[in-house]
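Chain IDs A, B, C and D follow the sequence of writing; residue 1 opens each chain.
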Amino acid sequence: MAKKIRLGILGGGGDSLIGILHRVASQINDNYEIVGAVFNPNLEDSVAFAEEIDIPTNRIYKDFDTLVEEELKLPESERIQVCSVLTPNFLHFPMAKKLLENGFSAICEKPMTTTYEEAKILQATLEKAGTIFAVTHTYTGYPMVRQMREMIKQGALGKIQKVDVRYYQGWLNPVIHDKEKRSSTWRLDPEKAGISCCMGDIGVHAFNMIEYTTGMQVKSILADLNYLYEDNQMDIDGTVLVRFDGNAKGVLRSSQIATGEENGLAIAIYGDKGGFRWEQENPNYLYVMSDDKPLQVYKPGHAYNSKLSLNGTKLPPGHPEGIFDSMANIYLGVAKAIRGQEYNDGEFPTMMDGVRGLNFIESTVASHKDGNTWVVLD
Amino acid sequence: MAKKIRLGILGGGGDSLIGILHRVASQINDNYEIVGAVFNPNLEDSVAFAEEIDIPTNRIYKDFDTLVEEELKLPESERIQVCSVLTPNFLHFPMAKKLLENGFSAICEKPMTTTYEEAKILQATLEKAGTIFAVTHTYTGYPMVRQMREMIKQGALGKIQKVDVRYYQGWLNPVIHDKEKRSSTWRLDPEKAGISCCMGDIGVHAFNMIEYTTGMQVKSILADLNYLYEDNQMDIDGTVLVRFDGNAKGVLRSSQIATGEENGLAIAIYGDKGGFRWEQENPNYLYVMSDDKPLQVYKPGHAYNSKLSLNGTKLPPGHPEGIFDSMANIYLGVAKAIRGQEYNDGEFPTMMDGVRGLNFIESTVASHKDGNTWVVLD
Amino acid sequence: MAKKIRLGILGGGGDSLIGILHRVASQINDNYEIVGAVFNPNLEDSVAFAEEIDIPTNRIYKDFDTLVEEELKLPESERIQVCSVLTPNFLHFPMAKKLLENGFSAICEKPMTTTYEEAKILQATLEKAGTIFAVTHTYTGYPMVRQMREMIKQGALGKIQKVDVRYYQGWLNPVIHDKEKRSSTWRLDPEKAGISCCMGDIGVHAFNMIEYTTGMQVKSILADLNYLYEDNQMDIDGTVLVRFDGNAKGVLRSSQIATGEENGLAIAIYGDKGGFRWEQENPNYLYVMSDDKPLQVYKPGHAYNSKLSLNGTKLPPGHPEGIFDSMANIYLGVAKAIRGQEYNDGEFPTMMDGVRGLNFIESTVASHKDGNTWVVLD
Amino acid sequence: MAKKIRLGILGGGGDSLIGILHRVASQINDNYEIVGAVFNPNLEDSVAFAEEIDIPTNRIYKDFDTLVEEELKLPESERIQVCSVLTPNFLHFPMAKKLLENGFSAICEKPMTTTYEEAKILQATLEKAGTIFAVTHTYTGYPMVRQMREMIKQGALGKIQKVDVRYYQGWLNPVIHDKEKRSSTWRLDPEKAGISCCMGDIGVHAFNMIEYTTGMQVKSILADLNYLYEDNQMDIDGTVLVRFDGNAKGVLRSSQIATGEENGLAIAIYGDKGGFRWEQENPNYLYVMSDDKPLQVYKPGHAYNSKLSLNGTKLPPGHPEGIFDSMANIYLGVAKAIRGQEYNDGEFPTMMDGVRGLNFIESTVASHKDGNTWVVLD
C-alpha cells in the first residue's frame, strides 16, 4: 500500500538540534524510513550514531559522494528516494545539486544556498531533474499559517495594504559584547556563514512568511542593518522596508540582539476587508480582525478551517501541536509529491521560495552597503 | 548500543486518535520499534492497517490471546517487551493483567481499569510480575508540569494550602440536549464506559494532576455531579471538594458541557511561599507568583529549569513543543525503566497513579449518590 | 439643566482607598457635587480632610446624626440628596436605615449590613421610603459585565447549564501564618467584621456576579470554608457548590490565601448555545465561545455591544477604562434614578442584591458549620 | 491648604471626546476647579454646555481673547492659573503663545503646534514666561511607562541597542477606500490637519514614547510613508528607521489603515542587560526580559515599583486603572509644578517633548518626499 519512502540523511548526527527535528518529522505520519545516511564527516561517528538511534548501519556511508555512488548501484526499488540535507550551509548547494542531477529528491535546510547565483543554478538543475525539492521554512507547516494563506486566497482580507513581520531573537546578546566571543562564533564569520547573519538566518524566514501567506511578491526593499561593533563583519539586526505592487507596503524586522526574546517570529497582515495577527511562539491562535465585528480567534482542528489547515492537525481542538508537528506537515506534503499524489501547493516550500530567499538576502546587504537605498527584487 | 525496545500495540487502528498519539510518541526519541500488534478486532483490518503504516505484517495477530501465546514462543531477544494498551476501557484490565502475568511490561491508556477493585488486583499482579507499568496521564509529560513537581519538591511554594484544578470540555453539549443522541453515545452508556463519564474520563486527569504536582495525597472528597437530564445515566459535569492533611483544601472542577471549551485542563496551587498557575492549552508557560515579587513566567528549555523538566525538551526556548512531545516524554521514561537505566520517579505515571484514580472515580460517584457527603480515600 | 446632585459622604477620609474611588466616580460624569460630609469620627480630621481636597467646610459635620439633623433644616433644594456610606461595616445598616427613613437616598458600600436580618429590615425601610438605594458591587459597572447580562437576557447563551465564578486574592497570606498578626487584623475579628471574612468580603461579590450576569437566582448552596488555623475564627478561603432551578449547577471559589493573586475575580458561564469567560483584571475582554464557531472577543465601545454596555464607555475602542470608570457607571445609573430619568435595571446594584448577598453569606457559614450540608436560600 | 488650582478650558465642549478626558483627569486627584472656559466657538453653546455639566457660567467667555482680557482684570488670587488647550490643532500655537505671554500656564493637546518653526517660537516664549507648560502625550502617564523610564535610568537594561515602537489603528480603513469620504475627512485635509496625518496624529506619540522611556534622543530618521491613493494628500501609514548615538538603532511603525486595530501603541526596548515589552491596550503589564532568567511581569501598585510609577496608582494591585487615570497623573504632575512642589521630571511631558515631536513630524515628511533619505534631527 503506502510503502514507506526511503529517506537518506546528510548531517544531523550527534547533538544536532536540526537532526532530531527532521528525524521526528519524518516519522510522525508513518511515511518515511531512514535507510541510509552520512550523519557526520567521520564514518565511525556516523556508524556510532546510527547504532545509537538503532537504525541499520549497512548503508551508512563514509561521505556524500560515496552515498550517491553506492545508492545508484542499487535497484531503484531499494535506492534512497529523497535526502534530507542538514549539513553546514555551504554544503547545501553542492549536495542538493548533485542529488538532483542524479535523480534523487531533496529536502534542504535553509538557507538553500549561500548565494543567489547558486540558487538560480539549483533552480535550473531541478527543472531538468524533475524530482521533488523542498526547502524547510518550517513555520509554513503550522496549521494557522496555512489557514492565513488559504483565507487570503479566498479573499477574506480583501486587497492587502500593509504587512508587518518580525523575527526577534536574543541569543547573540551574550556573545556580541565580548570581543573574543564575537570573533570566534561561526555565525559571525562570513567565511563560514555567508554574507549575512541576521537576514540570512532568520530574516529570510520572515520574508518567506510574507510571500507564503499573502501570495504576493515583494517588489523592492530598503534595508538598514546593524553590526553594533566596528570589528563585527556580519549584520545581527536590521529593519527592511518593503514594497509590493499597487501601493501596498510593509516592514520586516529582524534581530538577534533583542535581549530576552526567544524565537519571536510574528506577522500582521492588513487588507481592506480585515486583518490577521499570528505569532510562532503561540502558533495555535490566529487573530482575525475586522472594522466592525468582534475579534475572532481561529484555532486548529475546527471544521471552520480550510482543508490545507486541517490536514496539518492530528488531534481534536485543544491538544496543542508544535514545531515537530509543523515540520512533519512539510514532510507529509513532500511524501505526497514523491508518490505523485495530489497536494496543495502550500504543503511544502519549494525551490522558488529558496530562490526568492537568496534574492532577498543579497538585496538587503546590497541596500545597506549602498547607503540604505531601494533595491528591486528580480 | 541502545537497541530499540520491541513494542506491541493493542488497539489504535484505523482512525483512532489515540493510536497516532502513541505511535508518534514511541518514535520521537528513537527508542521503540513496533514489532507486533492487534490493531483491530478483525485480522484483515489489522493487517491492512499495518500495511497502511508500512510495518511488517508477520506479527500482526488475530487477537490478544494469540499475540501473547505466539510471542511467548519467540526467544526473549525477539519477543515483544512492552505493549501499549489502547483498546476500549473494559479491556484495559484483562489485557494488562495477562501481559504482566506473562512477563510483559505495559503502557496502559486511562482509565486503567473500570473498577477500583480491578485496579487493586492489577497492582498486586504487578508486584509479583516485577515488570514495568505506566498509565498514560499524558499531561504529566509536559516540561512545565514536571517543573511544578520539582519546584514544589524543592520547597518553592512552601507548605501547600490551596489547590484548584479544572478540566472543562464542551464536546458533549451538542449531544446531551438531543434525547436520541444522548442515548446512543457510548460514553454515556454505563455498560460500555463504566460508572462515570465526566469524572472517569477527564476528572481523573485533574485528580492525577493534583497529586502529581503537589506530591500530596488527597484524603477525602465531597462531590456534586450533574446529569442534566433524568434519562441520562452518567455524570457529564461535576465539582469535587477536596481535603488534604493539615488543613489544606482544594477544589476539582470538571465538565463536558462547558460549551465552547476545548481541552481546558488547568491548575492553580498556592503555598505559604508562593503560587503556580498552568494551563494545558498553553503548556509552555508556567506562572510563578509570590507575595511581593513580580510575576515570573517560566518556559521550557531554559537552564533555570529542573533536570526533570529539561529532559522533556528537545529544542531551544521558543520552539513550542506540544502534546505529542509530552506523550513522548512518558515513553522515554518507560524506555529508561525497561532498560534498567536511572530515571526520576516523575518520568511516567505509575500503577499507584492508576489505583488512586479509580479510588477517586468511585468515591466521587459514591459521594454524589449519598447526597454529597464526605468520602475518605484509601 | 442637569443640576448637579448634592452628595454627602460618610467615611472615606484620610488614606481611605474606598474614599477616592467614590469621590472620583461621583465626579466622572459631571453629575454630583459633594456638599456635605462626615469623613472621620473626629470633626477636626474631617475638616482638615475637606480642606485637603478643597471642598467647602461649612457642611462638614461632627457626626452622622448631626448631619441628618442639620441637613433636614435646609430647604429641600439645598439639602443633601444622597449619601455615600463608606464607614466600617457595622455602621452601614444604622446609617443607611436612618438616611432612608429621613428621605435621603443612599449609595452603600458592601456588605450592605452585617446580618441577613438587618438586610431585610433595610429592605422594608426602603419600600416605605421610596428613595433610591444602591449597594456598590463595583464590578457590575464594567461594560463587558453589562454586555454579558444583556446578551444572556437576549438568549445568546441559550439555557444556562453551568456557572463557575472565582474570586482569589493573596493579601492575607503574609498575615495568616503569624499568630500575632492574625489575631490583630480587624478583618479576622468577628466583633469588627461580622461572621465571615472571605465570603463576606469577596465571596459575596462573586455571588452577585452570578446573579447579575445570568439573571438567575441561586436556589441552594453547600459550602466548605477554610480557617487554616485553629485559633483563627474567620473563614479565609472556601468553595461553594451552587444549584439553580432546572438542573443547572455551578461553583463559587473564593480565597484570600491564594498567594500572589491580586484581585482575581473571574466568571465563566455556559449555556446550551454558547459560553462566556471574563476576568476583572482584564475587564475589557469578553470571550464568547460556541460549539463550532471561532472564539470571539468582544471589547468595549464597539457598536456591536448592547446599549447598557455602551453607556458605560466614554472613549473609542482601544482606550482602556478601569475600575474608577466602572464605579462611575454605577454613580451614573444612580444619578438617572434620582433624577427620575429612564434607566436600565442593570445600571446599579439594588437593595435586592444586598439582601441576596447577606442571605448568601449567612448560608455559607451555616452550611459549613453544619458539616457541609445544603442550605436553601430564601 | 491645597487650594484647588483654577483651571480654564479652551475647546472640549459638546461631544468632544478629548473634553471629557481632560475634565475627568483634572478632577481625579482633587487638584483643579474649572472656573472659566470657552467650550465652543459660539457663546450660547458654551454656556449651554457649562450648564449641562453644571459649572458656573459667569466666566464662560465668548472667545479666547475675551477670556484672556477678562481674566487679567481679576485679582491674581481669583484668576485662571492654567488653561487646557483642546481646540483644533491650528489653534494650539496662537492660544498657547498668548497664554504664556500673559502669565498663564498651559496644558496643551498634541500636536503642540502645526509646524516646527512655531514650536521653537513657543519654546522661546515659555522661556521668557517662566510659567508651566505641558503637552499631553497621555500615555506617559501610565504607571508601567513611568516604570520603564525609571528602570532604564537606573540601568536595568544596560546600554540600549534596539528600540521598536508601533502605533497601529484601523479607523481610516472604512474611509480611505471611498473617494468621497477620503476627500471630506478633515484629518486628510492638509489645510486643516497640517502636513501629516499618520505621523502627526499618532506617529508622534510613538516617537515621544521612545524618548520618554529611554531617555535617549533620536539622532536621525529615514521614513517611508504611504498615501495609498494618488488623490490622497496625507500619509496614513508609514515606517521610520531610527538611529541613535553609539550604534543603537530602531524602528517606528505607525498606521491608520491597520484594519481592525484599535489603539495599538506598543514598545519594545532591548539593552545589553535586558529588554522590555509594553502595550497601551493592556497598560498594566510590563514584561521584563533577560538572557537567562524567567520572564518577569511587573504590575502597578506593587512596592517593587519606582516612586514615579507608584505615584500614578491609586488602588492596590489588581484594580485596573486606565487612560483617564493616566491623563490624571499628568494633571497631578502639572499641579505640583504650578504649586512649586517637588516633582519628577517624568511627571508630565514638557515643551521639549513638543518641540522634538514637531521636529520629528517634519523630518519624516521631508525624508519621504526626498526619496526616503536620512534626515538628521536638531
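The rule is simple: a residue touches a chain if its C-beta (ideal position, glycine included) is under 8 Å from a C-beta of that chain, and two chains touch if they have at least 3 such contacts.
Given the structure is predicted, the values throughout are model-derived calculations rather than measurements.
Engineer: Once you count every C-beta pair in contact for both, which comes out on top, A-C or C-D?
Structural biologist: C-D
Engineer: So which of A-B, A-C or B-C is the twin of B-D, meaning more than half of its contact pairs are the same residue numbers?
Structural biologist: So the equivalent interface, with over half the same contact pairs, is A-C.
Engineer: Report, in whole Å, the distance between the mean C-alpha point of chain A and the mean C-alpha point of chain D.
Structural biologist: Each chain's C-alpha centroid was found; their separation is 43 Å.
Engineer: Round to the nearest whole Å and give the separation of the Cα centres of chain A and chain C.
Structural biologist: Distance between chain centres: 55 Å.
Engineer: Approximately how many whole Å separate the CA-defined centres of chain C and chain D?
Structural biologist: 35
Engineer: Would you pick out the residues of chain D that each touch at least 2 other chains?
Structural biologist: In chain D, 261, 292, 295, 299 touch at least two other chains.
Engineer: Where on chain C does chain B make contact in their complex?
Structural biologist: Counting only chain C, the residues touching chain B are 157, 161-162, 164, 166, 168, 170, 173-174, 177, 222, 224, 226-229, 237, 239, 241, 243, 247, 249, 251, 253, 255, 257-261, 268, 270-275, 289-292, 295, 372, 374.
Engineer: In the complex of these two chains, what residues of chain B are touching chain D?
Structural biologist: Where chain B meets chain D, its residues are 288, 292-299, 302-304.
Engineer: Would you tell me which residues of chain D are touching chain C in their complex?
Structural biologist: The contact residues of chain D facing chain C are 1-4, 17, 20-21, 23-24, 27-28, 30, 33, 48, 51-54, 169, 171, 261-264, 280-284, 299, 314-325.
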